[in-house]
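What follows is subunit A paired twice: with subunit B in the first complex and subunit C in the second.
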Partner chain A sequence: MATEKRNKEEEEVKTDDGSPKIKPRPIVQLGIFLVAHSPVFSVVFSAAGVLALLILPLLAKNTYISENALMPGSARSMLSNRDVSDGSKLVKDIKNYRLNHEGQGVEVQKLVGKYMSEMVAEVYYQKFHPEGNQFHPLHFFSGPDSYTLLDNVSCASYGVNVAGIIRAPRGDGKESIVLVTPYDFINGGDYEALSLGITSTLFSLLARVTWLSKDIIWLVADSRYGDYRPVAAWLSEYHSPSFKVSDLLKCGERNTADNFRRAGTVAAALVLKVDGRSERFEDTLSIYAEASNGQMPNLDLINVVNYLAVHRQGFYVKVEKVVSLLSSSWLKIIGEIFEAVGKLAHTLNPDWNFGIPVADYLEGSATLASSLYSQALGIPTGPHGAFRDNQVDAITLKVSPRFPPDSKTRQHDFFLRGARLLEGTIRSVNNLLEKFHQSFFLYLLTSPSKFISVGVYMIAFALLVAPLPMVAASLYIEGCKALTKSTDNPTENLKSWKWLDAAKQVFALHLFGFIVTLLPYFICQVPGQHSPSNRSIMWGTTSSSLLLITFAAIPGCSPFTSRHHGTHWAVLKSVTISAAFIGLCLMSIINFATAEIGALLLVPTCLMAQPIKPALRSRRIKSMLGAFCSMVLLTIGFPVMFFAISKGLFGEGLVGLSLGGEFWTWLESLWAWKSATYLYIGMVHLPCWLLCLCILFHPS
Partner chain B sequence: MAHHCCSRFLDLSRFRVLKGNQVISCADILSAMLLRGIGQKLQMAYGLNARLLGFLKSSRDKVILPCGDIAALVYLWNPFTIVSCVGLSTSPIENLAVVLALFGAVTRRVPLAAFGFVMATHLSLYPATLAIPIIIILGYGLDAPPIKLFLQTRSVENEKSSTSTVSKQAKSKQTTHLPFLWKTVAHFLFWVLLWSLYVLVLCALSLNKYGGLEEMFKRTYGFILSIEDLSPNIGVFWYFFAEVFDFFRNFFLIVFHVNVLFMLLPLVIRLKHRPCFLAFVYLAISSILKSYPSVGDSALYLSLWALFVNELIDMKFSFFLFCGYLGISLLSPVMHNLWIWRGTGNANFYFGNAIGYACFQIVFVVESVSAMLNHDRALRRSSSNHGEVKS
Partner chain C sequence: MKIVILVMLLCYSFAFSSGDTTIHTNNWAVLVCTSRFWFNYRHMANTLSLYRTVKRLGIPDERIILMLADDMACNARNEYPAQVFNNENHKLNLYGDNVEVDYRGYEVTVENFLRVLTGRHENAVPRSKRLLSDEGSHILLYMTGHGGDEFLKFQDAEELQSHDLADAVKQMKEKRRFKELMIMVDTCQAATLFNQLQSPGVLAIGSSLKGENSYSHHLDSDVGVSVVDRFTYYTLAFFERLNIYDNASLNSLFRSYDPKLLMSTAYYRTDLYQPHLAEVPVTNFFGSVMETIHTDSVYKAFSSKTSNNKINSEMPVNQLSEHDELQKANIPNDELKTEKQKCPYTQMRVDLHEKLEKFENVDTVVNLGIAVMVFVVMISSSLL
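For the complex of A and B:
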């Protein structure tokens, strides 16, 4: 792309100077050819980009275990009936306790702690404060925030985590593996207690095995205030202890001041949850891997769990998918076409085996869509997200048993298999000599055993954004020519600096986007309780008045200025497209999925944007159609509008008047989770959208 | 919570700004003022030369841009300057020393030029290359079009005005080269010697207890030359020297450092009539091939570049380079985050970015130099046209 741009300039120089034509090099010729035919190529490349996205499920590879040290399933399980009975006893005790003492969470915690200490584990309790979701402009991309305690904490709401550590007989205490079971001590259901049972079974085994070389930490997270918060609080205390004595410690009867224990760097973490009944015949294991900002754990961790669950313990393993896509007819038609093409290719050459059945294709695309969606949202799909923020590979395993929670006989078998799965995984991770690094960090899943690596999915994105520099180059040349003709004023005759005016406008609007992005922070500071819709109205009015001020303050910035002040629209569009290109490329590195979805929206909008006045004046069907298309794209591209449309598509119904409020709530969730998607919307999408609007109403 | 955090952060940063940044921001402002002074001198010289060559009278359209103001603004508003100022880097002080040396040379304050030169060399060693441009400035004077042009113009005028009265002898006597002011240069060298002695004595006195001058040379110049610190920066050396085998290390150290010296001579031959521009080129090259470069160096050479807006107005690829600098400077923190913070990337991500940055800098320097040479060529072409029209 860089060469194209340079080529463009070389071409421009030649035309400007009229110097003797030297035959350019082939790559230069190719660049000139691409730039000269940019409309055709941009259509071709964009279509290829969309096609490549649709074809991705076909290109998925089977996962394989990359790190040799892992050796999953090579050791025989040592789990005995005694361990299982330990686990069952804990579950039974908890149930009894809850029947007898309604609403006394503290006692259940004590009970769990007692069980842990009976297994010769070091037990401690950690109090934490459930934090409200607040917008903080400086929290994006920062590491885990140091969990600063407020001075005026109320003792009314706080949670208590219970953690136990088994020291490894063969270890030096420098590494550890964490098991997390979120459990609501006050009103946890029967299924949730099963997860405690499985982990307790495993813990009882691990307490007496000799092969451990990494310490095991079992964290029972108090999930009264959500799954994520307690784990994040524990992790931040684990990694960055606060030495300030907080008032929280004085709450409750137990003093938890200085008994927090640690066990070396965390090599991996597994979060176990037991959910409601499985809909299938087998027990179901769902794997959740997406952490904040589309980060994924190392693929090897998923591979190990998947391998053990499928080949050793006979679980049905699944990852999240968009169910509505499974029944969509258009995707089915595409799948059928691909299948037919695959079959045809197979008949031509038996080595070409890229065709997959329609059902597989549908499954793959539904999973891929879900994977993209959760990565793009940037919100972790479970408590494992807190680990990823600390650079620890972690996944959440959600097990759904096929029996009702009170069936004793089935429960024994279920505990045995669940604990064996965890045991095998821990044994594999225990073998590791260094951090997970062999396998992929950047990938998309299309099924638990299939993945698309970064090298493949980047092609789709690259094809999609490839037209941007080409069109920018051709527009730049066009605009420069037009400007050279039109300007008689010698002071403006700065040959190669004609883009400065347009750049000023683009910069002003990006600055505006930046301010709009930060506005919610100040709106949150407005005293008094406000409903989300009120806040969104505040935001909207402030932003639009700011926009008006921007237009008024910077001459030539607004689309409504006179013709002589403004820059030529082609140069403006060229600079806009360059800005969009830089923004999208940047975002593709921060969070690929956001950039891909954003590019699907932004690329056509930017490419189609044209002044509407000449199109209407000319009264030709082609230009009228172009103007219409760009108007439709701009309407869809407005973030609120896109939010409403996607909500409608997901079948939640159009929301009407409360739309602003819902949008606000959605954005609030984004910034509460430090999602870079929020920054993208505010600082790339919105300014580019506004610039396209300026181009649309450009007086030329 | 958020408010608390924020206010704490603000307090902290305000405190830091107040304490450490005062010196650095003063240095930045002073550099900008000196740049403005240099720019005014250069602008005057440009106007004078243009008038001598007869461009300014004939075509009113040529407006001289106030390059000093532009350079000062470019220096102060450059995000690189702001970042290095906020980050409490020492590069503003090094930049100040360099700008001081140039200012002294341009305004012909020889002791000042020597002082700036000695300080800059003492602080970061690489400005030692500036000795050549400073000597040329002091010896031959400020940036001007090639001497041949003046001779051409004058001879054309002579032919026109006096056909026979001026004897051929006088014509041949017309100097084909400017007089070199040996006295000023010797003066400069003397002051350099004096100032370096002064600095060394001061250093020796203050470092008496810590191993003396030898230790200082080892820890400062030795540290720069032997590239001991391999922590990632925006340069390209750290990666290479982290990879290179130990027994080749010395060889590659020599190769990499010779790279900077290699270009000094060809450039001085080609650009000897434009010593200030030569200083810009040297600084840009050394900031690419430095062992520990920082964005502060880029800030300096970018603002020096702005001193030549009048000549470089037709520079090619300006938009492309602008986009490149912008993209790279946004991308590098992201890559760093991906590698260091998130752990999902690796060193290659960040190093790729550094290579891209180096490439853009090279394109920038090459384009600037070729734009300057093109400018000279255009001057020659137009002056010969001018002459033809007149005669």
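For the complex of A and C:
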């Protein structure tokens, strides 16, 4: 015992003598340093985040085929003129039929079905109900199964899909490839019929080839009720058969019960559309890839189509872009600066080749902006979105021929090239042994052949949100100090609980945001027909009254209470910023693009928010400027305001009095498509914006 | 008696330990394709082409171990069902009626490959799946697939490292499973696979050096895949000009590889291999030396073999092999007929031949013979 005691004493002495203070680890030191200089670093990091976003078009890499098995273009096309004449005949027959029998869609469906069965395909018809998407808060993230069959369906409106299956002669029947051609059997134009012609040409070939390892399904989707719904209905029947006999089956003369046929797992799907005349000299192929909630198909699928279209069939391939950005002068100036810097770097070291011409930069930025916007919106850009919801890689190909629809001679060549493109793609996918997995799923496109991978674009977001925890920490320390000074009562100086009041306020407002998010569901339940404007007014009034109730119920919340009741604004801001940080980081996992755009808006607003009264009282230019900035940012940050501004930016005409109605319609589309952006706006953006407003009008 | 047996055993062991002096008795081929999947069609085609070539040059099916990691002929993607081609002209179907695949699909593993080489099989493995070579065997080991620095990928799941290969070859040497071994590898960075080899009697050829890729030769646009690799293509082109009796040397094979055509540099490791390459015919590895024994009657020959062979076999073998070496050095003939045991009929013929040889001047004998024949004819005619 005695020796132990002595040992202990010796140890104590040693520590006392050697190093009285344990030196903190370098990472802790770095943290302390960053927190101590948070204003400088937050400006630097935010600026770097915006710069990184602007620099992204320069960092785009050329796409490459990642999966060895695909081997696009290695096989010779086997299409013959006979196949093309099959396709042409179908188009001609449809046109003649439509001329003679106005408004009889069923007969056209039968005609397509007859052609399919002549090619030895298994044909069946599927009836579906056009209305599927109903907002229900509980079904928000649930899968496509939520299209429950309504019991009281009317036979007045229903769609009929026609589908044909070609079985692979020596395949194992476990996998399939789906071709979709949306076609409106009643109102479909001449251009739309061409898509049937191309696919029919291809189908005629596939019926006789020996190299298929996956079954081919051709789905002619009845696009009377939109492109998406018929495909989604077909897919949900394909993947989850309903054993309840639907009332729909009794409608019409054809009984479609029990003949829904399936092939194996869908390996990939291609949606083909033909529309409008190409403005360019070549036939144009537009690729649409964005599915719901910013999900993208595997990049390899786009690569294969792009490779075959450009290098084999000579299409002009494009992806969507924000056209208004192409002519914007500020972006042009930025592009010129980057070009000059790139040239300078090249002269310094010939290996540095990151500079790109201004025109390329503009194109890249416009495409990138469109890619970000489509992903952030979370609404699929075509029927392929229905496939992505079932974890199938799919894209929509929209072909615009350069000839008028009645030109016979050009049509032959067009069918040949279109069908060859599809044949090559199908042959590549046919070679696959596994699901698409080699290439990227998280990427942004800057051109059909250039992409930015997740590892690169995450940097911009990380830089943008990096100041938030730093500023939160420094504000918390500041707020604590202020509080200890102001109160002399030692019992209130329990340091670790000072954030609790602020947290209560933050939590209350987040709860409010949650309720506001759910309100539209109840507003929709209000009986009677209401215009979108009325509904938005209803929503607005209920939300505002709820907010007032919240402020009244929880005294610490309101910005209008006396200063002795409320918490110190620094602590409140600290907790607000932490909440915003957590919300943004969570959102970046669900939908990166939303988080990126949200961060661009929310981060400056949160960082700049400060009480306006002391700034006005001090009458110093610096603080006045700060207050002005935070007011401007808060104005822009209001969701309705931002919606209006972005509408103006995208050149869709300035909105007038119907702003509320349009906003309502927009939000309605968001929740109808189950976009997580809607949740983000309601549950992260709105509460944080309100909290910033509270800070702005804080009495201190 | 014991002493006799002891001496016999000593002789026996002596004869076998000196591997160089063992004569070349038979030829074996182990042909391995290590990669699966449709897009590796060419590896299957490479191996099947080699299989066809060695079979054509005389190695029988029972002495070829063919390992194919996938079945291309029956792949649903194959436009020509049940056929495999190594050229886009589709003239030669490599997957004809008489192809015996010994290890197929998922049986082609590193473990099975090493078991084949070292001969450590489970009891249930049939003889047709074993490499039953002996100390007089020449073995051709051909491998193709995807390789890298000192490894060769098997089945997308495991890899054979150069250490493993060297170790297996060493075991084979110790177990006297070969006299000469030729390893031919057509992969990327094939030369690196030979880095660890130490055993004498091993000759190694690789399609590419370290850091080089081996490329495919051409694409069959009907089948939609590349059908043959460059190195194998030019190897086959060399052998197509040969028949079973040709005596082209290994040197001429090695010289036929043009780095420009291969797009890689063929590498040969000869430091473990004593004979001069210019004097070794390619058929030493790619063909077969068939030993022929003339017999009067099947049973008699075997009985004589069993009765008087046991004791005498050692010395004559050594002598013969020396003779063999000499002959090899003088005339590089691939069709060396060696006869271990002589049957009575041939023995008689040889004796007669030797007696005839003893005559000093053959011409006088012939002339005398003719004269005697004329004499006999005259007598017989006069008698009639």
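Note that the second predicted complex is superposed on the first by the 670 of 700 C-alpha atoms of A that agree within 3 Å, B and C clash if a C-alpha of one lies under 4 Å from a C-alpha of the other, contacts with A are read in each partner's own complex, and residues count from 1 in each chain.
One rule holds for everything that comes next: contacts are C-beta pairs under 8 Å (C-beta built on N, C-alpha and C of every residue); 3 or more make two chains touch, one makes a residue touch a chain.
Values in this document were obtained by computation on a predicted structure and should not be read as measured data.
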**Prompt:** Touch check for A:I590: first (subunit B), second (subunit C), both, or neither?
**Reply:** first
**Request:** Determine, under the contact definition given at the top, whether A:A340 touches first (subunit B), second (subunit C), both, or neither.
**Result:** neither
**Message:** Output check: A:A69 vs subunit B and subunit C. Expected answer is one of first, second, both, neither. What do you get?
**Reply:** second
**Request:** Report for A:L433: first if it touches subunit B alone, second if subunit C alone, otherwise both or neither.
**Result:** second
**Message:** With both structures fitted on chain A, tell me whether subunit B or subunit C touches more of subunit A's residues.
**Reply:** B
**Message:** One more residue to check, A:S578. First (subunit B), second (subunit C), both or neither?
**Reply:** first
**Prompt:** Is A:V526 contacted by the first partner subunit B, the second partner subunit C, both or neither?
**Reply:** neither
**Message:** By the touch definition at the top of the document, which applies to A:Q391: first (subunit B), second (subunit C), both, or neither?
**Reply:** first
**Asked** How about subunit A: which of its residues touch subunit C in the complex?
**Response** 68-69, 71, 74-76, 168-172, 209-213, 427, 430-431, 433
**Request:** Could you please specify the touching residues of subunit B with respect to subunit A in the complex?
**Result:** 1-6, 8-9, 61-63, 313-320, 322-324, 326-327, 330-331, 334-335, 337-338, 341-345, 363
**Item:** For the subunit A and subunit B complex, residues of the former touching the latter
**Value:** 2, 5-6, 8-10, 13, 131-132, 134-138, 141, 143, 145, 148, 150, 295-296, 391, 435, 441-442, 476, 490-491, 493-497, 499, 503, 521, 524-525, 575, 578, 582, 585-586, 589-590
**Item:** Contact footprint of subunit A on subunit C as seen in their complex
**Value:** 37-39, 74-81, 219, 221-226
